[in-house]
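My questions all concern the structure below.
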Amino acid sequence: MSASDVNTEHPLELEAPRFSVKKPAVRYDKQGEVPDADRVQRAMQNFVRDFGRSAAIYMESCVHCGNCAEACHFYATTGDAKYTPIWKIEPFKQAYKREYGPFAWFYRALNLKSAVTVERLEEWQELIYDSCTVCGRCSLVCPMGIDIASLVSLARHGMAKAGLVPHELWAVAERGAKEGSPLGATPKVFKDRLEWLADDYEIDIPLDKAKADVLCTMSSIEIMKYPESIVATAKIMKHVGADWTFRLDGYEATNFGLLSGNADWQRDMSMKLIDAAIACGAKTLVLPECGHAYGALRWMGANLYGKPLPFRVVHIAEFMAEHVKSGKLKLKKVGKSVTFHDPCQISRRGGAIEAPREVLAALGVELREMEPSKGLNWCCGGGGGVVTIHRADALRYRVFQLKMNQIDETGAELPVTSCSNCRQTFDDGQAHFKWDKTMNSLLEMVADNLEGEAA
Amino acid sequence: MDLLSFARGPGMTWAVTIFVVGVLWKLAGLILLRARRDLSEARTPSAWTGLRAILTRSWPRRAFVHGTAFSEVLGYSFHIGFLFTLVFYLPHVLFFEDVFKGLLGVNFQKLFGVHWPYFSGGMVNFFGAVAVAALIALLVHRIVNPVKRLISNFDDYFSWLVTIAPLVTGMLAYGHVGAPYQTLIALHLLSVELLLVWFPFGKLMHTFTVFLSRGTQGMQFERKGATL
Amino acid sequence: MKGETMRNDDRDITLGEYLAARGVSRRAFLKFACSLASLMALPPSAGVAMAEAMAKSKRPSVLWFPFQECTGCTESITRSHEPTIESMIFDMISLDYQETLMAAAGHQSEAAREQAMKDNYGKYLLLIDGSVATGLDGAYSCIGGQTNLSWLVEAAKGAAAIIAIGSCAAYGGIPKANPNPTGARAVSDIVKDKPIVNIPGCPPIPAVLTGVLAHFLTFGSLPELDPLGRPKAFYGETIHDRCYRRPFYDQGRFAKTFDDEGARNGWCLYELGCKGPVTYNACATIKWNAGTSFPIQSGHGCLGCAEPDFWDKGSFYRPLSVAHWGDKATLGGAAAIGVALGAAAALAARRRQDKIAKGD
Amino acid sequence: MSDLRETAYATAILHEVADLLGKLAADGSAGAIDLRAMPLGPADRARLEEVLAQGAVKVSVDAGGPSEVFETVYPGVWWTRHRNDAGETISEFIEVTDCPQFLKSQPDDIRAGASGLRRLLE
């Protein structure tokens, strides 16, 4: 594997329980050799570049009430004021006022907001990346209606262009951009896997069909760590009788361009999927169990493409729910109690809140909701790329305890989710705390309980 | 020209002018920024229903009540106290009616058939006291609470000052305490003018932008069917 | 008038002896003193002590100069409907010069003035009504070929104290109103080195002058003054604070027009432009015409005549709180400028974004 | 103006009179209220006159204009009204005392009277 590493200074550890970088833990990470002044300028300019009316309105509206801290799992578990969501973009608020707002020249002329320094940005790297999963819970508590999470994403644009991204995140993002998959799931690896899985599970997995109604995609984590998900997808597609395919020119739904803040890489990754779907004339593109992939393509895809997409984009849970409704997806009853962990980007910020619950209802489980649940559910703590950042582990484990308590309190036998990134975070947390619960994939649970097939 | 004449005359004219220029400058400067149309396929047929957030975000969701109750109660106390003091005190009403007539060319009373309602001086004083007490408590909270202390800047403290100043000077003038009445009323007017002049440049602009930001989030989230 | 009061020997006897010789009983004087104490907001018991002290004092020489004035102040004091008090005022002092009242005229009167100033140098009280014209070196207002200004400067040198009667003498008054063609000034603008008591009002309440004189006689000093040089006993509180309609203000009951139900009920006149809240004077308690009434009691708001520049403070009928916020055109212009600046800022921001996008 | 409403002043004054009368009864100390120092409206005045109606004693004095002094229905509470020659009120007090100072003969007047009488007899 290491032979294919793009970044030789920080080689990826692909065999570890979590994909990460072998040489982690430099306090402030920097990429490239760039003078500090240039770094700052790049950060500010690229932060501002993608600004628009709504971001500016958000920037202007904060009254510093501090309520957002209460919604943030990083603050809730540590009580450390620096994790107050709006504080995480403080240098960029300053930059906005100075560089972009309606009174920008006024601020510059009187030097009312001092220019941001590279030291300040380095200091904020932890706040913008390590301690924000972009889960968007803070956006809902804000009495001014500021979508703080969207501002963090914009801040990441600036940080990425300035080369101020945590190593691991940078490394996987760079790898994704250069190889087509952040975690080494290159087309060749993917093809090998499909062949191997088709043999092992004696199932037909169509690849590179010229025409198909449905184009399925996968996340790197699934391909590399949870290949059963690929099998599950194939089983379900077959069960509902879909005309479907995988394509080597567009299978990787993971978008570390988005997570790291590199807007160019984000676009490249998304365009591969869009082009592939168009190439095979797909009517529906099915996104895998992956949170940020949903946000990246379902809600940002068309905007990167520049016009409405000529196909539908649905999450696999939505796809399953549709077929439960149409009667094509017939499931066996599972007589267990289940609690559903809402992946932030799919439920809270994605709007696909009821689909997984409809599928669970079809499985006949007893659904015990967490408190709070659905759009207000607590994040697992691994989203937004945080799970890849080694130095953030201690913090992430603290946050994860919140999640464990929440699930334990439901008394449900099985935790279920529909995001492989959440699942990976849970697996890692389970191992760390020697917790007695294992996160399950909704997709795999459905595939295991298809009517008329042996489990 | 004495202090009161300045405060009632050119002082007020300039303050109102700066206020109007500043507020519109900022609002136009925000609204005319680039706004890309969202091309993704909407989940909700009409995102306009998201504008309900302008109203619904006025109180916290149940999940957030516990952590925010203190700020919410004080915030409401201040806002209600301030609003009632501002809008339902007869001397203020007379000013607003004059502005109304000056801008629309018609008497408020003639147009609506009723006089702009107002409270007795004692009631207004009570609301003013509520607002002042809430502001003081909020300031203490801002200084004592680590989160608020960290995220606060000059704007927060200065805006606090220019907000409490008219309340305090107004109540001193009402009670005729501490200085000749003309001085008190002049200070009251000057403090109002300071408030008006500072208004567009600081967080006080949230008076207007709260509708824009809540509405923006409301519509953006609503079209996705996201939790609002 | 009182040729005999100008005899110097009268000044050598006490006021008590002088009054007794004129057939005024001590009981009558006590009544006068109690009434004065009441006016000066002293406790009722002070009247007895005042009567005692005043009876023992000597009558001071007083010179009364009229400058740019309308004689309204003189009218107010001499036509006061309190003949007893009025006569008392003139009994208490030796009025050695008052053009309107004195029998002498022309050179005689000027000689009397010069004589009095010489005889009582350093001790006489100087009363001024009217403002001092300073334009063209004071040539706008002259008496006997001499400017008021020169009279004032000259007479002030030998005065023990100066009493400026009426808003004109106290603040410049109506002659000083915009555009002030004569360069009118207050007495206190010209004289800086003598104690000056201002008794503003257009006209002032006559009893205030009596009160100040009585204080001077009783205590040998001027009464306590506020920062504008007004006796605190009379100008310590606003018309509003002492107004019998004040409770209606607190209750929010207002007359909206001069003939509505509120006006008939005697409710507060704030909405009709009453300047009571910013006017310090004793009208609401002493009242006018021997305590009959005062403007508010008669149904009209206070004009604020006892305050500086009352003539230039806008309409008498504009409510006090209605500050001058501007007008439609000004605000329209301001709005247009605001939008234009905002648009320019937004355009600049868009250009900036385009440049950054191209640069990358 | 006849229908002017009563304010709180009349009641306040009556309470003060009651307090002063209590003190007079207790230790003989006198007190007074200056009615012209109060911003009384016509309705307030009517209320005062109604409660503090004339009692047993009524005195007319002619000294520098007429004055009327009467004891109210509450012994020890005197109402003194001084007028000028034209009959207009120049001051007005409610005095709480056994006898108002003004009614007593003044020492100076007594001396002047004594010498005047003596001169007449000589």
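Letters are used for the chains, namely A, B, C and D, taken in the order the chains are written, and counting of residues starts over at 1 for each.
In the analysis below, a residue touches a chain if its C-beta (ideal position, glycine included) is under 8 Å from a C-beta of that chain, and two chains touch if they have at least 3 such contacts.
Everything numeric here is computed off the predicted structure, so don't read it as measured data.
> Using mean Cα positions, find the chain sitting nearest the overall protein centre.
The most central chain here turns out to be B.
> Can you work out the whole-Å distance between the CA centroids of chain A and chain C?
For chain A versus chain C, the centre distance works out to 80 Å.
> CA centre of chain A versus CA centre of chain D: separation in Å?
So the centre of chain A lies 93 Å away from the centre of chain D.
> Using the average of all C-alpha atoms in each chain as its centre, how far is it in Å between chain B and chain D?
About 56 Å, centre to centre.
> So what's the Cα centroid distance for chain B and chain C, whole Å?
42
> What positions in chain B touch 2 or more of the other chains?
In chain B, residues 25-26, 28-34 touch at least two other chains, as defined above.
> If a residue has to touch 2 or more other chains to count, which residues of chain D qualify?
none
> Which chain C residues sit where two or more other chains touch them?
In chain C, residues 341-342, 345-346, 349, 353 touch at least two other chains, as defined above.
> Output every touching chain pair, sorted by label.
Result for touching pairs of chains: A-B, A-C, B-C, C-D.
> Where on chain C is chain B touching in the complex?
That would be residues 226-227, 238, 240-241, 249-252, 254, 256, 270-271, 277-278, 280, 307-309, 312-314, 319-328, 330-331, 334-335, 337-339, 341-343, 345-347, 349-350, 353 of chain C.
> Would you pull the chain B residues touching chain A in the complex into a rising list?
By the definition above, chain B touches chain A via 25-26, 28-36, 38-41, 43, 53-54, 57-58, 60-64, 66-68, 71-72, 75, 142, 145-153, 155-156, 201, 203, 205-206, 209-210, 212-218, 220-221, 224-228.
> Going by the contact rule set out above, which residues of chain C touch chain A in the complex?
341-342, 345-346, 348-349, 352-353, 356-357, 359-360
> Which of the residues in chain D end up touching chain C in this complex?
Interface residues on chain D, with respect to chain C: 1, 3-5, 7-9, 32-34, 36-41, 44, 61, 63-65, 67, 82, 84-86, 88-93, 95, 101-102, 105-109, 112.
> Applying the document's contact rule, which stretches of chain B touch chain C when the two form their complex?
Residue list for chain B touching chain C: 1-2, 4-5, 7-13, 16-18, 20-34, 90-92, 94-95, 98-99, 102-103, 105, 115, 118-123, 176, 180-182, 185, 189.
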